[in-house]
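Shared between the two complexes below is chain A, which has chain B as its partner in the first and chain C in the second.
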Partner chain A sequence: MDIRSQIAMVFHLDKCIGCHTCSIACKNVWTDRKGADYMWWNNVETKPGTGYPTKWEDQNEYKGGWIIKNGKLELRLTSKGKFLQKIFYQPDLPTMDEYYEPWTYRYEDLFTAPETDDQPTAIPISKVTGEYIDIEAGPNWDDDLGGSALYARNDPNLEAMTEEQRLQLLSIETLVMFYLPRICNHCANPACVAACPSGAIYKRGEDGIVLVNQNVCRGWRYCVSACPYKKVFYNWSTGKSEKCLLCYPRVETGQAPACFHSCVGRIRYMGVLLYDADKIQEAGVRPDEELVTAHREMLMDPFDPAVIEAAKKNGVTEQIIKAAQNSPVYKFVKEWGLALAPHPEFRTFPSLFYVPALGPVTYSVENGVALNPTSADEIFAPLDQARLPMSYLASLFGAGQEAPVRYAMKKMMAIRTWKRAVTVGDVDMQVALDGLREADCTTEQAEAIYRLTSLCNYEDRFVIPPSHREQAVEVLTNPLEKKGAAGFGFREQPVRGA
Partner chain B sequence: MLDKFLWVGFPYIALALAVVVSILRFTWKPFSYSSLSSQFLENKQLFWGSGLWHWGILWVLTGHLVAFLIPRQILAWNSAPFRLYLLETSGLIMALLALVGVVALMVRRGSSSRVKAVTSTMDWVLLCLLLLQVTTGIDTALRYRWGSSWYASNAVPYLWSLLLLSPRPELIQPLPWLPKIHILSGFSLILIIPFTRLVHFLVVPISYYWRKPQVVIWNRKGLR
Partner chain C sequence: MLRHFETRSVLKLMLLPTLLVAGSVCQAQDAEAQFRKTCMSCHTIGAGKKVGPDLKDLGKRRPHEWATKFITGPLAMIDGGDPTATTLLRENNGVKMPELGVTVAEAQALLKLIDDYSAQGKTLGTAAISRPATPEDIRRGRLYFTGDLRFKSGAPACMSCHRAQGVGGWGGGWLGPDLTGATAKYGAGLSGVIENPSFPTMQGVFSKTPASAEEAFQVASYLKSVGSQPPASRDVAFPVLGVVGLVGGMLLGGHLGRKRFKGVRKNLRSR
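For the complex of A and B:
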């Protein structure tokens, strides 16, 4: 057992309102710079849709993630023997056109334009070239299914569905959508790390955050291609790769990352997972239908004395173990089985899990009056008749397997029905309790899920252990060395010159 | 005096600056070491430019290096006409590929507005020098036959004399001006390595072949 601690995340899609506050918070803090202007370390996609960069999920095109070759995991992008072949030109690298060309407006024209009969306009100019740009696409061009004939229709997940389902999904009367906020998954088996020729990308041992060492990165861009989620970005100005750093300066001081903290719908949870790194390779080569289980088997019970002992041997502190025991992520993923990793078939084992979004509550209308539902079936449409086919969600969250998605959806629907029976009382209690039992959920668990979903405070959502960087720093340098240098405005010792 | 500077002083200055400044740059400004790829901004023209250039010049440089290391064997190889033609033709083809490549790269850098946005003066200095180097090389090969032989018999001893710190400029002086320019621009290229994006070839990531696929760094001292 090689127990490591991982800062992990859950995004509760049923609560996401698609407001993009997370994206803006991140943009303002990290990527509002030349070269990074096109990057959205955090972005929110409308699903079905092609996403950002366009069709990132299509690994036939981008060659991201891992494949099994001769019973072993290998990067889809390249093998060790062949990697130099792609160094002069990377056939799988998305270009700026797959994201979008960043632009601004020539606002000064509004002031300097000569007086005419027409209003002056601020024309759009490219942030790369400074020249006039005819804007054809941008991030979230397909927000709320805008242009769905072009975007939603080309969602790679539609391949998992029948022609009939596709038609139904895309016809105007039965359109359906949900939001998918995405950040770096800080995977347990990151493909970007494995692909980096320079060894510049690394996973931090203490919390599993994946970072790019900017001083070691040489801009070979293998990481951009290898990440199946396209969450490593190439800074076209500095010639280095950059990615979401999970706001580690905030996490280290016990604060939630900017995108988490600013989330309006409070959909984001952060907590510690203890996982067994020895199991990664073995879990990675399991067939698609076992991947969700294999991933969950990697996540160890933080109350198990053997796990605790092994964790301590790896330097995991008492406080981190305690945080793991209180982790909302562990509950959502392992205890309750509600949260699922995106595209497990990429085999990187993400540390970000999604609770799938439910369909809308249904009402029947008689003589212009909305009737309250009387049975569980009337609150939500049964899963087989759900507007969003289970095969779509299975393609996104289940490696094509419907069972784990159905389990989560069923449980959430049963809890909503039961809670309705308790608070509103218009659903038969016995039916609600039967529903819970069928969904493999006790009333205690249902209550706990309800509380962590609906009544969660900051401390419930973000259980972030102190990372004691002050102690970690002391291992590497003597903090008192800096004492005499404080306040000079530079980082050298103020030593008398010779 | 000028000859002494060109064939002794300048090469040593170029080599010394290349080594010292590259090391200083690597130590003090490691962030500045990058391939500075612009494929992200433009990748259609780059496919031809970068591919042809790199593959062509790599083989040409390998040829120069091999002849530098084993000049006698090269001369022996060239003693049979068929083998001589084979070596000269393949070298010429590779050099022509590199020529097409570097021209394509120059056209690209001059025509794509996105690439222009990330182009520095030194990029142009470098490209022009590379073009000069390749054209004088090809021209020399075509005019003064057979280049592979007299490179091994005349230029290589000169290069070794530099390396062994007992320079013999008299080996170069009788050469025509074309190969002389080739040699000078070659040393100029070495000189500008640390001042241009050329540093990227100093950090070719061969360690990828033996490093473990996953990199985990712990705060605890010495754990990696």
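For the complex of A and C:
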């Protein structure tokens, strides 16, 4: 057993209102720079839709993630032999067109334009070339199903549905949507780290955050291609790759990352997971239908004495173990089985899990009209009549398997029905309790899920252990070295006569 | 103020001899490079006769003024009936020294170089090989020309740029002139021209990898043996082969890379 600690995340999609506040918080803090303008370390996508960069989920195009070859995991992008061949011209890189060309407007024209009969206009100019551009795409061009005839229709997950389902989904008035906020998944088996020829990307030992060392990065951009979630970006100004760093300066000081902190719907949870790194290789080669289970088996019970002992042997501190025991992520993922990793078939084992959206999905339609629940006992239509077929969600969260998605959806529906019986009282209590039992849920668990979903405060959502950076620093330098020094002054020693 | 000025003048004066010594070393090197470039095809210093006479002890044989005048404008002197020049022309089988565009200053530097080398007993250049060419020489010369035999220095084969009669079906490169009739133009000097070419294009290629005297003699012998034949045919097969190779290579590259990323967003609409 090789127990490591991983700072992990849950996004509760039922609560996401698609306001993009997270994206803006991240942009303001990290990527409002030349060369990084086009990057959105955090972005919010509308599903069905093609996302950012366009169709990132389609690995036939982008060649990201892992595949099984001869019973072993191998990068889909390249093999050890092939990668040197292509290192100077890597043929699988997304172009700027797949992201979008960043632009601004020439605002000074509004003041300097000569007097004419017409209002002056601030024309759009590219932030790359400074020339006029005809804007054709943006980072969320398909937001709220904009251009759905083009973008929603090309969602790679639609391939899992039958032709009939697809037609029904895409016809007007029956089209349904939900939001999918995305950041770097800080995977347990990151393809970007494996692909880097310079060894510039690394997964931090203490909390599993995946970072790019800007001093070592040589801009080969294999990480950009290898990441199946397309969350490593190339800065064309510095010539280095950059990615979400989970606001580690904030995490180290006990604060939630900027996108988590600013989330209006409070959809984001952060906590520690203890996982067994010895199991990654074995779990990685399991068939698609076992991937969700294999991933959950990797996550270990933080109360198990054997796990605690093994964790301590690996230098995981008491506080981190305690944080793991209180982790909202562990509850959502392992205890309750509600949260699922995006596209587990990429086999990177993401540390970001999603609770699938219930609301827009389960209200059923008949003859193009959304159905209201007919009886008070059944406030939801059955899953098989869901507006968004389970096969779609299974493609997004279950590696094509409907069972884990259905389990989570059923449980959430049962809890809402039960809660309605408790607080409103227009549902028969026995029906509600039967529903809970069918959904593999006790009343205690239902109450706990309800509280962590609806009444969660800052401390409930973010259980961030102390990082002990002061101890980590001692490994590299002696903190007492500067004791008694002035505390300010020269970064480099002055040299006489220089 | 005055003191300061004086100090600086003295410093300058002290610097002067250093500069002079450095300057003369520089000049000597320049002159040697110039000699290799302009003169060595036909002359040596102390290594014997080549196309033109051995220049050892030139300063003792002729006054400097005459030599300078001759180097800067040989044809004017030969055609103008200068008695010494006429005698020299007869002695050297009627091969006229060409106009080389050497300036007076360069000529004087060259003469100084010749005097220095003569005084020190150093030699520069190699004498011409005067034995008659054997069939073996001609055979080897042809192999050097086609590249079947490599020059010892690693220099590229003549055929890369030149054509000549008798090297095979496709004749050779089109970059340089046809060399079938080269003997008629250079006569006995051809071997020296090959050894120390005075053409800027060839100097770029051969200055670091010159052919040896023996190799040059054999190539020249080969060219002499085909000198009476008509020029090589300008066969189009050689450039056609090049174009076909390029197009074929590009098609192959395109096929091997057919699975490369070709863009996603722009292609959405056309589907």
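In the analysis below, the second predicted complex is superposed on the first by the 462 of 498 C-alpha atoms of A that agree within 3 Å, B and C clash if a C-alpha of one lies under 4 Å from a C-alpha of the other, contacts with A are read in each partner's own complex, and residues count from 1 in each chain.
Methods note: contacts are C-beta pairs under 8 Å (C-beta built on N, C-alpha and C of every residue); 3 or more make two chains touch, one makes a residue touch a chain.
This one's a predicted model, so the numbers in the text were calculated from it and none came from an experiment.
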Clash or fit, chain B versus chain C on superposed chain A: clash
Touched partner set for A:P190, first chain B, second chain C, both or neither: first
Contacts of A:G315 with chain B and chain C, given as first, second, both or neither: first
Partner chain in contact with A:W236 - chain B first, chain C second, else both or neither: first
Which partner, chain B or chain C, touches more chain A residues: B
Partner chain in contact with A:I201 - chain B first, chain C second, else both or neither: first
Partner chain(s) touched by A:P53 [first = chain B, second = chain C, both, neither]: second
Partner chain in contact with A:L150 - chain B first, chain C second, else both or neither: second
Chain B versus chain C as contact partner of A:C217, first or second or both or neither: first
Touched partner set for A:L93, first chain B, second chain C, both or neither: both
Touched partner set for A:Y62, first chain B, second chain C, both or neither: second
Contact residues of chain A, present in both the chain B and the chain C interface: 93, 95
Sites on chain A touched by chain B in the complex: 80, 83, 87-90, 93, 95-96, 128-131, 189-190, 193-194, 196-199, 201-206, 214-221, 234, 236-240, 315, 469, 472, 475-476
Complex interface listing, chain B residues touching chain A: 30-31, 33-43, 46-47, 50-51, 53-55, 113-114, 116-118, 200, 203-205, 207-209, 211, 213-221, 223
List of chain A residues in touch with chain C within their complex: 50, 53-55, 58, 61-63, 91-95, 97-98, 137, 150-151, 154
Chain C residues touching chain A - in the complex, by the definition given at the top: 257, 259-261, 263-266, 268-269, 271
